[in-house]
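Here it is, the structure, as structure tokens.
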């Protein structure tokens, strides 16, 4: 099992940076089929928790460190699997994008505000919850409220420049809940 | 196992509203690793079916009740897992958004129609299937054709105000197929 | 197990076209719960690999055949499951859309270029990587970098007209990595 996983990880192991994963290497097929050799047993595992993210100002925010702080210990128990993040709200969104230059997050917020009319110019019928509410709902469906990320050797297997963003679309910051579900072997 | 799940569900159990889930509670890690103690055995389960949604007019429609009517019985057998919905079409979409005020659905349809040009003003080459067809394809990729939702204590674990929407982007209503896949313990 | 799966597939089996799947048939619930009857054992399997897609020009490209060439053999070992594709980049995207008329892909690229300002007219602060970079990041979050597709009888269970698209949002073609994770029974 260990060897198969290392092969899958391109000889990397949990410690090596994920971008060094061997490319195009056909993975072994893992199975939980009862097997006389205990070293080849893989036990499917599930973990699920609800995380609360602190209130953030309207805009796009890099939350990878916050997420890893909450699930890093559970992640380390998975050699291969999937991590699912589900935001419990309809006026914010989750997306994966650039993790380095904060200007990318500011420009993305600029784009969203330019493309979704707000205030007097807006054609919305749903205005009771404030001028920023209907635009927030639209932005939430544009980017979506859920992410699924592969797990490899106990880590989220993302690209070098990828990060997890929480996009807050309301003017009044509020805490946001994310249900994280981990599944793998 | 029961206790672990209840802990994960914040003492809620299937009956309590999901928004009352304990927040930030580290979940137990479930495993199917053969175990002498049967109370700690968790059996991974898969269920899959194809649902047909009746024809609906162009616009956004709340379909949570229709989906739950089809999969509620299967859902009840999962303590922890994921539900995947996959729309078999390229001129409609699935999204999660506000489940209360139907104006939010109408305003979202207004936004989509304002942002994707249709008819004489549109630059499309693909027009053989009607003026509403190419805009429908674009809207389908904007919102997407698939959803993954966590399952907790036999229920879809969505936020208080979240609902599942089918967005019909064609003028002529047609029945739409959704492949639902449930996986969990 | 075979019978359950055939029932799930509407009597189809791997050979029959997926669009002929029986509709609304309640699926059997599969389990890996140890069982005296080996024919009813289902063994959860995981497979994961990193695929490199060759450089492609800016625009939308149908990559279903490339993906199936890489994972078809692994797919054939799954009766029921999910296939997850995760693009390792923030300036390209994955989406599911029309697999027949290439005009649909050209028109989608036209839409993206019309909706996301580029060059002198653009309000972006992030310009160091070229005028096409910030628009590429925005398009990546609009369509997303990941797909989850059901697996039925050893095949991707997509609609008749659905295909997997890689949308390249940069001017300079570069190879793109996709982490594919298969999970099922």
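As written, the chains take the letters A, B and C, and residue 1 is the first residue of each chain.
Convention: a contact is a pair of C-beta atoms (placed from the backbone, for glycine too) under 8 Å apart; a residue touches a chain by one contact, two chains touch by 3 or more.
Since the model is a prediction, treat every value here as computed from it, not as a measurement.
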* Asked: Graph of touching chains, which shape: line, ring, star, complete, other?
  -> complete
* Asked: If you list every residue number at the chain A and chain C contact, are more than half found on both copies (same) or fewer than half (different)?
  -> different
* Any idea how many Å lie between the Cα centroids of chain A and chain C? -> 17
* Sequence positions of chain C contacting 2 or more other chains -> 32, 34, 44, 115, 142, 144, 148, 183
* Asked: Mind pulling up the chain C residues that touch chain B in the complex?
  -> 8, 10, 19, 21-34, 42, 44, 80-82, 95-98, 101, 103-104, 106-108, 110-111, 114-115, 142-144, 147-150, 152, 157-162, 165, 183-185
* Structure fact -> Per the touch rule above, chain C residues touching chain A in the complex are 32, 34, 41, 43-52, 70, 74, 77, 84, 86-90, 115-116, 123-126, 128, 134, 137-138, 140-142, 144-146, 148, 177, 179, 181, 183
